[in-house]
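So that we are looking at the same thing, I have put the structure below in structure tokens.
Per-chain residue numbering starts at 1, and chain names A, B, C and D are given in the order in which the chains are listed.
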Amino acid sequence: MDTNAVYQKPTDEEIKTLLNEKFEGKVNVTKIETRRVYATVPRELIHQVCEYIHDNLTFEHISTVIGVDMIDNLRVVYHIDNYFNGCVIELTVDIPNDDPHVASISDIWVGGNWHERETYELFGIIFDGHPHLARLLTPDTYEFYPFRKSYKLRGQE
Amino acid sequence: MDMSLYPHAVAMSADEFMTWSSAMINDLLSAGTKKTVDKLTGPVWSWAMKNSMHPLHWGLACCALEMAAASAPRFDAERYGMIYRSSPRQTDILLVNGWISKKIRPEIRRLYEQIPNPKWVVAMGECAISGGPWYDSYNTVQGLDQIVPVDVYIPGCPARPDAMIDGFMLLQKKIDDYFRRGVFLED
Amino acid sequence: MARDLMDIRAETDELTTDKMWVIMGPQHPFSHGLWTLKVELDGELVTDAEPIVGYLHRGWEKECENRSYAKIVPMADRLCYAASMTYSHLYCMTVEKALGLEVPEKAQYIRVVADEICRISSHLMWLAAVGTDLGNLTVFLWCMREREYWMDLFVRLCGARMTTNYPRIGGVRNDITELFDRDVDRCVQHFEKALWDIIALIDDSSIFLSRMKGTGILTREQCVNLGITGPAMRGNGVDFDIRRDDPYEVYDKIDFEVPVLNDGDSYSRYMVRVEELFQSCKIITRAMQKIRAIGKNAPYRYKAPTNVPAGTAMCRLEDPRGESLMYLVADGSGKPYRLKVRSPIFTNVSASKPLVVGSRIADVPVIMAMIDMCLGETDR
Amino acid sequence: MAYSSILDWISFSDIMSNPWYPFAGDYNLPFDISYKLWEIIGGGLAWLINLILPGNPVSTWLISDGVCVGGGLIIFMIVIFLVVFIGTLLSLWEERKVLGRVMDRRGTMIGMKGFLQCVADGVKTFMKENTIPKKVDMMTYMWTVSLVVGVSVLIACMIPLSDRWFVVNYDTGLLIIMAFFALAPFFILVSGWAQNNKYSLIGGMRAAELMISYEVPMLIMIGTASLLAGTLNIGDIVAAQRDIWYIIPMFIGFITFLFCATAEAERVPFDIAEAEAELVEGWQTEYAGMKWGLIMLADYFRGYVSCAMVTILFLGGWNIPFVSDSVNNFLPEIVFLLKTWFVFFLMIMIRGALARVRTDQIVNIGWKVFMPLSVINFVIVLLLKVGGIY
């Protein structure tokens, strides 16, 4: 398929093929359901993949940027929507604990700005290139990342 | 009562006169006048305050919707003279109807200080009473009474509008006690 | 001695006024919740804005990691208290997806009905807020009066007014009651008439219209890129509704329309929501017909296991305010490993700067009312 | 001197023949009442003193013509103020009850179907602590309140309730009232600055903006009405509408003036100076306790004056059309107050049905709608006048 063409309503299979062709197998599409595509992306490629999805596959809207603390590593999950066929791509990026950096996508979707800020303040994942990476929900005086598994709530063993 | 200075009052400096006269007035008041004035005026203040409770117009969380519903036609809290004012300077009651995060804690204290005396505080809903469902959270204050003194607790999650009106009628009793104790000439 | 006009012109250009920052919130009548909007004013004109949220943050997602799966349903009710059922519904859907559990058809219809009642009561709350923001208390009180009837329906359905605790993993808590069955149609019929009264009060008044038309304008591209969802987005010409385009439960079996307007101002957002109110009434009537056709003895709940197998699940649904999404990471134990909520208002608030800049300060409450603030879900 | 009965000291003399009579030939009912009251009080006092010290000069001084007028004037002030005050409280009560009914509820229910609500509110504000923020400009913060309240009370008392119930009867009475009426926005502007609060500042600016937009059409309308009547004397304007109210020749003017009067009283839809949605409480934000209570009272005084102006200029004042003079002169004050409350009722309905306008919109409405309408009204009146109909 032509990887440089613009697809307004790409089907799930098309998305899988296009991602595989464009990024030469580095993007691993793990699962396909109706209107859902699940993929894992290496950390270096995330900005390029997002740019490609936004520009060529017309995924105009970012739903969430989710941080998960997998104890062995950190994980960032992106949910990206297409408004023309209701399709959602879930991109999973694994980040090592000792180097919690990932490229910011808030220059592609401005709506991702606050989600990245939230993930930063709750997990300590640093989004490179973010315009204003500061604490959003918690008071500025907090020095811990409350959503890390190492931070225990009252009654949590 | 230091009446011996009375003839010299005209010859006093302004400062001397002020201290002397205020001391004299205090003596006079402590000699029963204050009690009598309080006894006579207490019911008037109490009646006025009870029937003109102005809570602060401030919705925090779930109970704020029930607060709005309480002034809606079915429950109609305005029958009791309750009007929500937005400026804390013109209110009598701080009505906190939601959980208190660490970020809002100083603001609540500040709002409380801005309300002119006499003032009352009502904690509405479980969150304001004790933290409610967020008992183990890292970012909430477990209860309003850790910040400001609370007069009435209205339980419920969220408290129903009729429960809220009931709470305010309890507060009316408390206001009555407050004024019958005699506080008019205290400040 | 007449001065040159250009001289005067040059002098007045130098006469700059000081801009000032006005901090609206956290205790401010426009905020309808607990947030702050810092606006920079040049006279009455807004030149810059910065929203501040987090006053209601309590770590909802972290607390869920400390609760068993069943105990999270009432917690989810308190995410968005104006439409409490939608979040507990979304949570149950997510867990069911992780379990691979099928929900009985009757329960799906009941959930749809409950969702739409939530949508109506939430939109009524929004209309009431619009009334106060425009300086008219009559709209506020009339909307609250109508909302009471829907609250009564909730009482008939599950016994609670606001935080209903009604959906369960695998179905709903109880079958529809006879009282609910009797009253729901009457309520819908009454409401469709009463809503016209309220709408007439607003639409027949040129002051209301002039306050809403032409304020808070965004283009379609701006709106989509900022991540605004829900009725605010459909007022900007984006023809997308999760109920229709990515259907969950039984929305694909129910016939309804999605209102879309292209103006992109406050008035089109208002119109979209009002039309949604009428559409919700239709959905309720049609879904109730289906429920009655299914019959009384059909199952409404399947038993669900307490432990969820390891894996991830994602579900999304059309909240009254926009797209809400839940993402669950399970590790096979009785408690979720990570539960994430995407709330529509969180993103919509972040877009408040482009929304309000360039308008007058008097329009700021109206513009922000049009995205229907609900801070409980924003701060989580 | 022999013993004299108290009745000898109370003469109930004819006030009009008193050489000190202040109202120059016009009969004044409240003054008559207060004069007689003073005669009772002063005469009784004089009788008492005479009982103890027979033949003293103080007793005769107390019942002399000049002292009677002076004492009568003091009571006269109290009587005039009390009537206006109660009239205003009744309009306040009317607002809360009618607005409540518009909104499908009962309104307040405290004492006497809610009439005592305003009393409770007032007493409560007097009891509250007198908080003064630290950084206000003390002097202006204090005197603007007293001036706003004072001016409002003054004009409310200056409104005549009938041709026998007035304070002054100047030929330019209308102009004096309008001049004082237009003063309050200046004080609001200064007060908004003095409070050192951004909301108050914007509120004060808005009050000034509001004033420049409605004051001119309002004055044109007053000029038109006085042109129609041929006088600026309030009594004569009312007398000129004995049978045909000015609402008939000046219907456009009536509608425009009603809205201008609403703006003058700063009520919805023109309450932009205290717009709750964006400015918390507007220019009143930092006022607490008694000062705020007085400000609220002054607001309602101004509302009362606005309605009274509408009544005087368009609704025939205290006259009932097409009735005999004996009926008309029975209780004209009550007729006037009833008409005033009816106009206030219209304002309440406007408040219940409309939203608040924006500042740029009010300036637009003032100069592009009210202004042309008032000029059209003026032209119509001019044509009527030239055509000889009036």
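The criterion applied here is as follows: a contact is a pair of C-beta atoms (placed from the backbone, for glycine too) under 8 Å apart; a residue touches a chain by one contact, two chains touch by 3 or more.
Computed from a predicted model, the values in this text were never measured in an experiment.
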item: A-C compared against A-B, more contacting pairs; value: A-C
item: Longest centre-to-centre distance from chain A, chain (CA-based); value: D
item: Computed distance of Cα centres, chain C from chain A, in Å; value: 25
item: Centre-to-centre distance between chain B and chain A (centres being mean Cα positions), rounded to whole Å; value: 50
item: Chain A-chain D separation of Cα centroids, rounded to whole Å; value: 67
item: Centroid distance [mean C-alpha coordinates] between chain C and chain B, Å; value: 35
item: Touching two or more other chains - residue numbers and ranges from chain B; value: 72-73, 86, 103, 136-139
item: Sites on chain D at which at least two other chains make contact; value: 103-105, 276, 280
item: For chain A, residues contacting two or more additional chains; value: 138-139, 146, 153, 155-156
item: Every chain pair meeting the contact rule; value: A-B, A-C, B-C, B-D, C-D
item: Touching residues on chain C, where the partner in the complex is chain D; value: 20, 22, 24, 28-30, 41, 44, 131-138, 141-142, 145, 201, 205, 207-208, 210-211, 360-366
item: Chain D residues touching chain C - in the complex, by the definition given at the top; value: 99, 102-105, 198-199, 202, 268-269, 271-272, 275-278, 280, 352-361
item: Parts of chain C lying in touch with chain B, wherever the complex brings them together; value: 26-29, 32-34, 54-59, 62-63, 66, 74-75, 78, 81-82, 125, 128, 140-141, 144-145, 147-148, 151, 161-163, 375-376, 379
item: In the complex with chain A, residue positions of chain B that touch it; value: 102-103, 135-139
item: Chain C to chain A touching residues, read off their complex; value: 53-54, 57, 59, 61-63, 65-66, 224-229, 238-240, 242, 245-246, 314, 316, 323, 325, 327, 329, 337-338, 340, 342, 346-347, 349-351, 379-380
